[in-house]
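Right, I'll just put the structure down here and ask away after.
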C-alpha cells in the first residue's frame, strides 16, 4: 500500500486509480463506480444512464475510463450522449466512441480488450428489437466475446429463420430478442441445442403490450429458455458473457 | 296458429314444440331453450353445463331433442353426462350419443343434419388442448361442416407443423388451439392464406398460466388472427361455422 | 432468373422490384418490406408507423409503391404523414393519397385494384371509435372489398342500432368497433347471422379504461364473436378481408 | 332505564332485548348484532353467513329474532341453513322461513312488516344470476318494498328486454344483475328514466371471468349507472331500499 | 310535421331545432347531440370534451344551446374552454358561462331551469377532490336540484365530519368524493340514513394509486354504498339527479 | 467448548442444546430451528406450519421446547395441532398449551418469561379479524409484552371506536386488523399519537377481495401508518414487539 | 378567548394564529392547514406539493410559518420551490431554507426545535433512492430526532452493508429505502435487532418496475419488517418519528 | 430402412423403437414421446405429469424406457407415481426408481448414463423450495452432470450463505431456488462469477404470494441473473444442463 500512496504522491497514479485499487470502487458526487467488478464478476460494470443527470453520467464514465480504460453506458438519452462525447473529446481525444442505439461504448488506446474463444449469437424479430439487441451486443464485445447477429427473422415469415439456422447453431449461446407475442425464442430454441436466453421487448399495444405478452410467453415456453426482464439487453448480454467466458476458458 | 293449437290438441305436436314454433323459445324450470336460434343465428343453441345441476342439464337437453331433434352439451361433468345418458336411454333409446372430452352431442334418428360444402381445419399443439378442440369440432359437425383435425403440432418441434401444411392450407377456415405461450396460431397464420381463429387453452403455470400468456400472445400476434376467450372452443367453432356457412352457400 | 437480371441490367426493372420478385421481400435501411405478402397471405403488407422514424416510414412506403404500386401506412403521426406526402409529391406526382385519421393509403395510376363480390360492414359506437374503424376500412378497400360503414350506433340509444339493422344484415362479415363497456358487438351479434369481429377501442377512464373493459366484455360475450386486440383496426380489417375474399371467390 | 331493568327483573323483557334497547346492539359469543340498525340506517341488519360457523349463524339469527322478530341471513351454505331451520323449529315453531338460493328470511308471527308505497324492479340476464337477485329481492321485501322481478332477459336476444320494457319503466328504482360481459344494465338504463343499480355476477370464464368483465363494463357504461361489487345482491337491495323508502315517504 | 317544416321554411325554426324535434338528435360533423335525452332519461345530455378537438366541442355546445338553451361540458381543457367562451361571446353574447374546474355550464337568457323540491349533498375529503365534485354539482344544478356542498372533511381528522353531520343528514341523496384510501363514503354512510353514492378520486401514488384503492375500498365497504367509476363526477351527479327527481316529483 | 461437549457426554446437555449453543441453530429432518434468534433479533423464532407436514411441525416444536423451553406455532391446521398436542402430552406433560385460532403457544414449567414495561394495543374491526389478531397477540405475549385487545370496533358504527379511544391511546404501539375496505387503521391513527401498524385481513369478495382492498387502502392512508402483508398477524406482532421492547428497555 | 380576540384586535396575534389557536386549523383559499397536528399526532403537518399549484403551496407554507414557525414541503417541483423561496425571501428574510431533492424545510429564527434522545438510521441501496430518503430524513429532523444516514449499500455488493453494520445497529429505528428488487430491508433486518421500516422506491423497469417488485418483496420478507407505500419517504419518516419519540420520552 | 424393418420383423426391434429411429418420435394413445429430443436438444424429453391421467403417464414412461432406457417424470401426484411404480415392477423389474418430491427418475440396467466434466450447483432458501430443487437436480443428473446441492441458506440469516460460498463458487453454473421475496439469487449472484439461474418458488401469501414477488424481484435484480417461471425446476435444470454440457465438451 505504501507503494500505491507513493505513486499517488508522485502523480503516476490518480487518486481514483488508487482508490479503485485499494477498495475496489471509487466514490464521487455521482455515486460509486465499481472498478473491481470485472475481477469479481467477470464482467465490467456498466453505467445505467436512465434517471441520472447528464453530469452524473459524464462523471461516472470519466471514472470508468480513468480506472478501467473503457466505459459502457446504457439507456442513454441524446442529451446525455452529447454531453459524454464532448467531455471525452477533451479528456480522451484518442478514445474510440462506439454508439449503437441508446448504448455507448468508449475505449482509450490504452485499453487492452480481453479475447475469448467463444461466440454469442444474437437474433431479433424486427426493427423495433434493434436497440435492445445493441445493448446486449456491446456488453458481449466489451468482454471480448465474438458476436454473430441475425436481424429481422420474426416468426410471421418462418423461412427467414430456417434460412439462418446454420449460423444460429454455430453460436455457443444465443440471445433472442422479440416483442409483440415473443414467440421467436421458443421457435429458435426448438431448433438448436445451445442455451437460449429470451429477451422480451416492450413493443406491442393493448392487452399484453409493452412486452408483457412477450415476457409471459417466454416464461411459459414449451421449450427450454431462461429469460430476463423486458428490454433488459444488458442483463442478457452479461449473462451470455458469463456463460461464454467459462466455455472460452475451458477451450484454452 | 289455429292449426298449431289443433295439432297440440290432437297430440301430434307437444306443447314445447308448439311454444318453440310460436315464440322461438321454450320455458321450463331450468330456464329457456332458444329453439329458433338456428334460424336466427345459423347455429343451433348449445347447452353450457358448467354451473347447472345435472337435472337442469337433462331437462334442457330433452327440450332441445324434443324441438330440434339434436342436443349439444358443453363443459359437462361426468355426473352430468351420466344423468344425461340414462335419461336419453329412456326417452330416445335410438338416439346416437357422441361424447368427446367434456362435450356431448346427441341426435335422434329423425335428425336431418345440414350439409355444407365447406371445411374447417382444427389444429392443436398438444394433448392438453384436446378437449377444447373437441368442443369446437362438435359445434362445426353439428352444423354440417366437414372438419379436418390435426393434433400435436406444437411449435417446439417445427417440422411437425411443416409436415401438415398441405392439409392446413386446404381448409376454408382454421381453428388453432394452443396453451402455454400460445405461439402456434401465429406460426400457422404465417403459413396459410385462410382466416385463422386462435383459441388460448388454460394450460401453463406460474406467471401467464391458465391461458393468460396464450391469450395475450394471440392478441399481440404479428400476423393476422382473431381470437376467442380462454378455452372457448364452442365460440371458435360457432364463429368458424358462421364463416364456413356463408362460403358453403356461395359455392352452391 | 436470367431474364430478370437482364431486365435490371437494361433498367426496365429496378433492383428492388427484382429482389421482390426473387426473394419475396426487399431489404433496406428501414427494415424489410414483404412484397410477396399479398400472394402468400392474400392481403398486402401494411407499414406500421408507430415507433418508426419519419424517414423509415417514407422509405418503406416508397418501396411498397415501387414493388406493389400501392402503400398502406397505419398509426402514422402528423409529422410522418407530412414527410410521406412531400416525398410522394416528388416520386409519384400522380399518386392518389387517401388519408383517414391516422391511416394513409397511396396508390399510383398503375395500380390495378382487385375487385371482389363481397361486402364488409363496419359499425362504430361513437366518434371516438372513428380512427380505428378508418384503419379497418382502408385495409378492406385496399384489398378490393366493398365496405358499408354505419357510425354512431352506440348501445345507449338502442333504436339507432335497430334502425340500421337491415344494412348490417346485408354484409358478409361485420366489424364492430366499440370503446367504454364494449357492448355493441354483443348486441349486434345477437341480431344478425353473419360473423362479427369485435374491436375494443381504447376509450374510457378509471377501472377498465383504455379498452380493457371493452376487450374483456367482448371475450365474455354471451353471443358468438371473435375479437382482436385493443385498437387493432388493421387486424380486424385484414381478418375480414381474408373471410370476404374466400366468399367472393366462391361466388365467382 | 329503571323501567327497563324492572322489566328484565320480572322477565317481561329478555336481557338481550334490554341490551338492544339500551345500547343498540347485543353482544354474544358470535359477535355483535346491531339491533338498532333499522332505526339508524333504515334497513335492518343482515347476517353475512360466509366465513362463520353454523353455530355462530344460528346464535346471531336467534338474537335477531329475539330483538327484531325477523332475521335475514345471506350467503348461507346448506349446512348453515339446516342448522338454522332446526334451531328455529325449536325456538320459534310458528316462524315462517323463506329460503331462496343462499338467502334465508325468517319472521315470527309477531313481526309487523313495514309497508311503503314504492316498487323496486329487479332484472336478470340468465339463470346463473338468480341467487344474486334473490338476495336483493329478500332485502327489499324485508324492508316492506314491493318487488317486481323480470328474469332471463339477457342482451343476446334483445326482444326479450323490449317485451318487458313497460314493467321495467314502472318501477321506482331498478336493480339489474348480469354476469359475463355485463351489458344488460347499460342496455336497460338506456331505455328507462329511473335510477339503475348494476350488479355484476361472478359468472364467465377466462379473461374477465368471475364477474370482473361485468364490473368493468358497468363502471365504464356510456349511460348512467351506479354499481355495487360482484355478487353484492345484498348491497344493491339495501341501496334500492334506501332510495325507495325516501320516495315512499314523500308519497305519503 | 307539416307545421314543423313550414316553420323551417319561414325561418322561425332552425334546421337543427327541427331535426331535434323530429328525430330526437342532431347530426353534425362533430357527431350527434342527443337533444331528446332530457325527455327520455330525465337528465340533459352532457358533452364529454376529453378526446375531442376544440372545434368539435364548440360545435356540439352550439348545437346544445340552439336546441336546449343550455350546454354542459365536462373534462374540458383550458384550450377547449377558451375556444368555447370566444365562440359563445359571438353567438350568445347574453349567455351566462359558469366554469368550475374542468366543467363548464352555459345557459342563454331563454333557458327556463327546472325546479325540484329535492336536495343532493356533496362531500369531499380534500382539495384534490374538488374538480370531481364540481362536475357532479353542475350536473345536479343543471337539472334544477339544490346542492349542499361540504368540503375538506377527510377521515384523518374525524371531528370535521362529525361537525357537519346535521347538514349531511338533511340531504335526500349524498355524493361523497374521496381519493387515497377512499374511506370517507364508508364513514359517512355509517352515520346517515339516506342513499350514499361513492366517487373514487384518482389521487394517491404507488400501489393502489390513481383511485384504484379508493374504488376497491368503496366496493368492499362494510356499509351500504353504490359506486361509480374513478373521477366519474358526472355519472354520480346524474344518478343522484335521477333519484332526487323522483323524490321531488313524489313530494308535489 | 470443551465444557459443552463434556456436558453432552455426561448427558446433562442434549446434542440439540449443544448445537443450539454452539451454532445458534439446530438441524433436523424437518429443517433448521433458529434457537439463537431471540438473542439476535429480540424475538424468538416461530414455526410457520402452513405447507409443512404434521410430523415436521411436531419435530420443530419439540426442538424449540428442548432448546428454548417454549414454542410458538402459527397457521396450524387442526390435524397439525392435534399431532402437536398428543406429542407434547408425552414429552412435556406439564407444559401449558395455549391455542387461539390457528396459533398455538406452548411453554414448559421451566420457561421463564421475559417481562417488559410496555403495552401493545390490538384492535379488530369484526369477528373475521379474530384469528389474525390472535396470532399477533400470542407473539407479543411470548415476548413478555402486555397486550390490551379491543374487538369489534369496525368503522360502520363509529361510536364503538370513539368509546374505546382512551384504551387505545394508552398503548405504546397499536396493531389494527381490518378486512373489507380496511379503513379502521386510518381512522384510529387519526385519533391517537402512538405508532399504528395496519394489518389487512383477507376477508371481502369480488373486486379488491381477499384483503387486497384493505392492503391498498392502508398503503394509501392519509394518516401515518406502516403496514404488513395480508393476514400477517405474526409480522405485526413481532414488529410491535421490537418497538415495545426498546421502549420498555428505555423505561428501566 | 376574550384575550385572544383582544390580541388580534391590537395586532399582537394574526387572525390565522388566532384561528389556529381556537380551532386547530387555518382555512385559506388553498385549503386547510392543520396547525394543531403536532399536538394531536406528535408530528407537525407537512405540505404535499404534488397536484397543487405553486400559489397554493406558497400560501400553505406561509400559513405554516405564521402559525408554527416552520414549514415542511414534500414532492415539490422546481417551479414550486422557486416560488416558495422568492416568497419567503420577502416574508421571512431570516428564515433558513433547507432543500434536499424534492423536499424543502423552512424555519424562522423564532423556531425552537424539539430535541429528543433517540436516533433514526436511514439506509439506501443506491443513488436513485436518495430523494425518498431525503424526505424521510427531513421529517425526522423536523421533529427533533437525530438521523444517521448510510448511503449506497445495495445488496449487489454485500460487504458494503457488512462494513456499516455497527452504525446500523446503533439506531433506535431503521428506515431502509430500496428500489428494483427491494431486498435491502430484508438483508438489513436479518442483521439487526431494532425495528426496520422498508420503503420501496419506484425505480426498475419492465415487470415489477416502478417499485412494485420492491413493495411485494418487502411484504413477503422472511424477516420482520413493516412497510409503507412506494416512495412514501414522508410516511416512513413520520412513523419512525412516532416510535423514536416514545423511546426518547421513556429515556428522560 | 430395410434393415430396420427386418429387425422389427424378426423381433429384435420393437415397433416403437423402429418408429423412434425413423421419425424421432413415437405416437401412442397418450400422445407423442419425442425420443430424438436428446439428439436434437441435448437433453432427453421429460414427461410432465400434471394434467395427465395416471394411465397416460404410465404409457409415456414405458415408451420412454423402451426407446431410451430411462424416463423422467415431473409434477407427478402420489397416485400417478404408484401406478408408475407398479407398472415398472412388471415391465422392468430390475429398473432403479429414484423418487424425490414430485419428480421420478427411472433407469433400466441397460441405461448407459452420459458423463460430463461439469458441475451444477443448486441452492435453496428453505424447506419449501425442496421439491422444485429436486426437479432441477434430477434433470441435471439424468444428463450426466454432477450436482452440488446446498440447502437452507435463506437471506434472513446471511452467515449461512457466506459459510457456503466456497462450494457455490466452485460450480460451473448455479441454480438458486427461492420463494417469498426471492432475494437469494440476487445475493448469491453478487458473490460469485458464474452464471446464476433464478427459480422463483410459489411460496408466500397475500400480496405477491405464489411466487409472484419472487419472480418480479429476480427479474428486477440489480445483479446479473436469468430467470425461469415460478416453480420451473425442470426448465432451470435443463437450461443449466445445456450450459454445463458445452462447458464439459470444451474441457475434453
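Which chain is which? They are A, B, C, D, E, F, G and H, in the order written, and residues in each are numbered from 1.
We take it that a contact is a pair of C-beta atoms (placed from the backbone, for glycine too) under 8 Å apart; a residue touches a chain by one contact, two chains touch by 3 or more.
Just so it is clear, the model here is predicted, and its values are computed rather than measured.
Listed here as common contacts of subunit B and subunit C: A, D. Ranked by distance of CA centroids from subunit C, the top chain is F.
Averaging Cα atoms per chain gives one point for each, and the point farthest from that of subunit G is the centre of B. Interface comparison, D-F versus A-B: the pair with the greater number of contacting C-beta pairs is A-B. Counting every residue number used by either copy at the subunit E-subunit G contact, under half are found in both chains. For the pair subunit B and subunit D, the distance between mean C-alpha positions equals 38 Å. Remark: subunit A and subunit F have CA centroids separated by 47 Å (rounded to whole angstrom).
The mean-CA centres of subunit G and subunit H are about 50 angstrom from one another, to the nearest whole unit. Residue positions of subunit D touching 2 or more other chains: 126, 157, 206-208, 212, 215, 219-220, 223, 229, 232.
Inter-chain contacts, as defined above, occur between A-B, A-C, A-G, A-H, B-C, B-D, B-H, C-D, C-E, D-E, D-F, E-F, E-G, F-G, F-H, G-H.
Across the interface of their complex, subunit H is touched by residues 126-128, 152, 157, 203, 205-208 of subunit B.
Only residues 125-126, 154-158, 180-183, 186-187, 190-191, 204, 206-209, 212-223 of subunit F touch subunit E when the two sit together in their complex. Residues of subunit A touching subunit G in their complex: 25, 27, 30-32, 34, 50-52, 56, 200, 202, 211-212, 215, 229-232.
Here subunit B touches subunit C in the complex through residues 40-43, 172-173, 193-195, 197, 215, 219-220, 223-229, 232, 235-236, 238-239, 242-243, 246-247, 250-251, going by the rule given at the top.
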